[in-house]
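Next up: some structures, all given as structure tokens.
In the two assemblies presented below, chain A is common to both, partnered first by chain B and then by chain C.
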Partner chain A sequence: MFLLLPFDSLIVNLLGISLTVLFTLLLVFIIVPAIFGVSFGIRKLYMKTLLKIFAWATLRMERGAKEKNHQLYKPYTNGIIAKDPTSLEEEIKEIRRSGSSKALDNTPELALSDIFYFCRKGMETIMDDEVTKRFSAEELESWNLLSRTNYNFQYISLRLTVLWGLGVLIRYCFLLPLRIALAFTGISLLVVGTTVVGYLPNGRFKEFMSKHVHLMCYRICVRALTAIITYHDRENRPRNGGICVANHTSPIDVIILASDGYYAMVGQVHGGLMGVIQRAMVKACPHVWFERSEVKDRHLVAKRLTEHVQDKSKLPILIFPEGTCINNTSVMMFKKGSFEIGATVYPVAIKYDPQFGDAFWNSSKYGMVTYLLRMMTSWAIVCSVWYLPPMTREGDEDAVQFANRVKSAIARQGGLVDLLWDGGLKREKVKDTFKEEQQKLYSKMIVGNHEDRSRS
Partner chain B sequence: MGSRSSHAAVIPDVDSIRRETGFSQASLIRLHHRFRALDRNKKGYLSRIDLQQIGALAVNPLGDRIIESFFPNGSQQVDFPGFVRVLAHFRPVEDEDTDLDPKKPEPLNSRRNKLHYAFQLYDLDRDGKISRHEMLQVLRLMVGVQVTEEQLENIADRTVQEADEDGDGAVSFLEFTKSLEKMDVEQKMSIRILK
Partner chain C sequence: MGAAHSASEEVRELEGKTGFSSDQIEQLHRRFKQLSGDQPTIRKENFNNVPDLELNPIRSKIVRAFFDNRNLRKGPSGLADEINFEDFLTIMSYFRPIDTTMGEEQVELSRKEKLRFLFHMYDSDSDGRITLEEYRNVVEELLSGNPHIEKESARSIADGAMMEAASVCVGQMEPDQVYEGITFEDFLKIWQGIDIETKMHVRFLNMETMALCH
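Coming up: the complex of A and B.
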């Protein structure tokens, strides 16, 4: 036993030293490029290799399934039921016509059958509706070696399990500590950097330093998540005095956009670590933080935003008008507040590729910490960002129409479904006014027909 | 999604559900997936609130009645077999269903059972008859505030009169069936699940 001791400590020392060296090298290789905004292309190579491995994994699973004569569970993005796109009027007329042998299509006893239309439509929504599926993570066509996305557990062969185990090892023992170290570095640099910059006298030098400190720290955070971002149409990037609006999938959206541009953030004052970061950031340049009580007062919010926007020396504001995180297959109703201010709107579309790691934050399922851990143990976060040309409100448009126009543009560019529903449906019930539309339509039919009959 | 797969082994009593409802195994897997998506708090059953949160159902004038049909006999929860049993009424009629084995119970998606489902949406008090009052209530649901009480009463009266054969002022299930005998119920009350 005693003879082993010196060996033990030697090995432990060697291990410790090599790990430290390794980590330092990695940090240098990652942080230095982040500071200067340069990329070595390592992440793109990583992405390509992973894609090849995923394709192989899916093939093996299909083979495994075929051997057992089953079919793989394949998720459907278009819904699970076949739907007819006919309107209420058409269908009810058809129902009545089909039940009547007479030429007339509006005999009253067939008011009994009108119920079938609503009945079936209701049942269809129970089986499959547009909104519920937007609040759970998007389902993948092929497996990406993460157990959280696997629906076909029983078809995994031994080779695949080994590969998966290797993946777990790499992700949790190598990538995770590295990413946590990077994140820690990024955040502390942000806090320290912005505080230091805050002491500088106001002027061009301060602005310059502030911008670069912000950019550098966000870039380090981007690498902490291994986010591989492709920016399109960068000439349309938001300018001072404008508002940048984007679709919202996760809190990471902020990091992704802010690493390519210098924005003023808008948000509620938080406590804890977020609060520390917020207070530090606002020293270096004016962000718009609201107290919890002020958030409810819409006029106050609008007033502060308008003031900020009218000062041309201030930075463009970054806002997510959906108000909540959606799963990145659709864009939901934009709240009209930001569109009433009258500034130029710079729309941005963000589309994540869920193959490598699903960035959607399901806040009813996961807390912030669990979410971040999931992010940091995914392979990578891959996304595309499109900067759309600026839009302004036209003379005869009101804020809601303007908001919908911007929303459609974002949905079109990002390849997302444009929905009229409110993201708040995640938590609340829908308003009664929508039901009245259906009732109005039906009333017209039934009363109209009845009057025809009483006349004849 | 972070949840385990919805394969057949996870669904309890999958074989008996299959026999009872006639759904294929693939359809049941999809419906189980859907059941779990609606069951937001992972309770293992659905309550009225879970169904009420479906936006597109809340705007359906008959939404509340349809939700009620999932909770027969005053129960407050519906488990997966109960859920699928109601949905089975809307399974399209296939050829294999038409060779009726007199020993087996009638399949849930037969014409008679589809009609019975619709009948129950009218017949609130479950007495087997649609009274004039019940007809009025359902029509009121479908038209909201758009039609006056008088007009609606007229429509309800005529509807009941024309269907009522034995003159008791209410529509029994038999009378209901008879007045709809020419209607293609099988097609209108069917929802096809994609493979």
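Coming up: the complex of A and C.
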């Protein structure tokens, strides 16, 4: 049996008291406001302080770099090559023209020159291609004291290193346990709360309780990530019987949107913790969960979604049509499935500020747990959410055109680049139809010439 | 840092061999690592990761050109299995703009090098001649995928082009004289006087660090 020295018992007491104080603070400043949906503005203050510190750190680095003659800023990489904007037709005509000026009337129809264009284009894409750039995280121009964003981290000054070390200490030893505790609280409250609400008889009271349990738990999760969200145009928030579409950067998007509105989720049934959460949630209100086998059957999926949407008492569905996480500099092709259903679409644009922590989930590089840990050890997640006015499919549009229209609206609002490419290219290959288009254009030119010649 | 020193020596060596600047080399190295998946060499399969390349009808010829021993200056024929970063840069250097300050001889040499690269693309069996078969093959590839053009018309286009090339290179032929194929000298003759410089180069940006202020 250990003999507790008076000194030891003092430490134990202090520990006990500080833990109690910590938990009371936690409750008062974080959980209670989450329940009622109010905010003390602590996070905004935190953000302002951090910005001041970052500005100081960047200045310090600039000074240090100048002293040592180092290259500080990464080259402004918008690509290494300047791609020619001329089209296929113009370029080939030009080459042929320069050839035929010196030769006789009969120049080979398929001039050896045509290969130039495709050869050069091929080289250009090998050196630098639009699509792959979108799938790696954005690069920052000022340092935010996270070594993961500074690729050229070198020792600049003692003060800066001390500050960085302090940052690491705060993030890992203070913020991380706090956030994990909050996340734990949030998730367990969600599971317990929704299960309890599930036992209530159906009616207005059940709906009321369900809505508030959901909102409360999502708000706690938002605080668990120290997410500072600014909502714009809240009058356009989705209503019952509509579909909410948004661009996708990370799994956190769901938490961000769901903490400001009451949605029905759509997704695959998972095992493990996710499965537990899903089963609990569906007891309180109808979400749409698909079995793995059902996901492949597009008609089945469309049917279930249509049924849900037509029932006006059910909640708006939340869908991410890109199908995968993009790095938040552009919006990729929207899959047309959700736009074929014929319901009102409420587009939402989400734009993250990478200065405080990069929210992009590169699923080929990081697993879910690693990703969450990275999120919880960043300073904060800052983002803006814009609710755009609702859109419906017009008479002469097909689903693909409608999807593109919505996509452009979202890209414009969020300040993201509107790309035609399919987000699925992260893992798969290009559809043959695109390749054929290019070849058809080229062949048309050849055949056109051929016919002109045979006529003359 | 020890590692940094040997790396910069390598870079300087590459600068001398290929003519790229150190910033461009660094940028291309990152692209190389992206394509190779952080391996030290690239194989043909790695080019499948470039989605934009799928649109190109002569994709297979371009990829092949990267592994062609003649382009890599490693031999008169055959294909390498894999290439390292230096080989990658060697192929890229065929597309650097010709430095017009270099003097006429050098300019002529660069031009020849570029045309030779193109010649190798046509001449797939490395026998030094572009035969009718090889030419047809290229035309078919350029026109492949279009269901409206039959194989016959593709062939006739190729045949017509070959005849034109023959008349330019050999002049009037006897009725039973067989045109063996376009040699590299004939190839050069066809292109004499035509400015290919602007068509056969990729404009590399000068990677000056632009310090962006907030």
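Here is the rule we go by: the second predicted complex is superposed on the first by the 413 of 456 C-alpha atoms of A that agree within 3 Å, B and C clash if a C-alpha of one lies under 4 Å from a C-alpha of the other, contacts with A are read in each partner's own complex, and residues count from 1 in each chain.
Here, a contact is a pair of C-beta atoms (placed from the backbone, for glycine too) under 8 Å apart; a residue touches a chain by one contact, two chains touch by 3 or more.
It should be emphasised that the depicted structure is a prediction, and the values quoted were computed from it without experimental measurement.
Q: Looking at A:122, would you say it contacts chain B, chain C, both, or neither? Reply first, second, both or neither.
A: After superposition on chain A, A:122 lies in contact with both partners, chain B and chain C.
Q: So, A:294: does it touch chain B (first), chain C (second), both, or neither?
A: neither
Q: So, does A:311 touch the first partner chain B, the second partner chain C, both, or neither?
A: Neither partner.
Q: Using the superposition on chain A described above, determine whether A:233 touches chain B (first), chain C (second), both, or neither.
A: Neither partner.
Q: Just to be sure I read the superposition right, which of the two partners does A:365 touch: chain B = first, chain C = second, or both, or neither?
A: After superposition on chain A, A:365 lies in contact with chain B alone.
Q: Please identify the positions on chain A that touch both chain B and chain C, taking each partner from its own complex.
A: In chain A, residues 71, 73, 76, 79-82, 95, 98-99, 107-132, 421, 425, 429-430, 434-436, 438-440, 442-443, 446-447, 450 are touched by chain B and also by chain C.
Q: Spell out the residues on chain A that touch chain B in their complex, using ranges where they run on.
A: Its residues touching chain B are 71, 73, 76, 78-82, 95, 98-101, 107-133, 136-137, 139, 148-154, 364-366, 374, 421, 425, 429-430, 434-440, 442-444, 446-447, 450.
Q: Considering the complex alone, what residue numbers of chain C touch chain A?
A: 23-24, 27-28, 31, 34-35, 47-59, 62, 92, 95, 118, 121-122, 138-139, 142-146, 148-149, 153, 157-158, 160-161, 164-165, 168, 187, 190, 193-196, 199-205, 207-212, 214
Q: In the complex of these two chains, what residues of chain A are touching chain C?
A: That would be residues 55, 71-77, 79-82, 84, 91, 95, 98-99, 102-103, 106-132, 141-142, 421, 425, 429-430, 432, 434-436, 438-440, 442-443, 446-447, 450 of chain A.
Q: Can you name the residues of chain B that touch chain A in the complex?
A: 1-2, 4-7, 9, 26, 29-31, 34, 37-38, 40, 51-63, 66, 87, 90, 117-118, 121-122, 138-139, 142-147, 151, 154-155, 158-159, 162-163, 171, 176, 179-180, 182-185, 188-194
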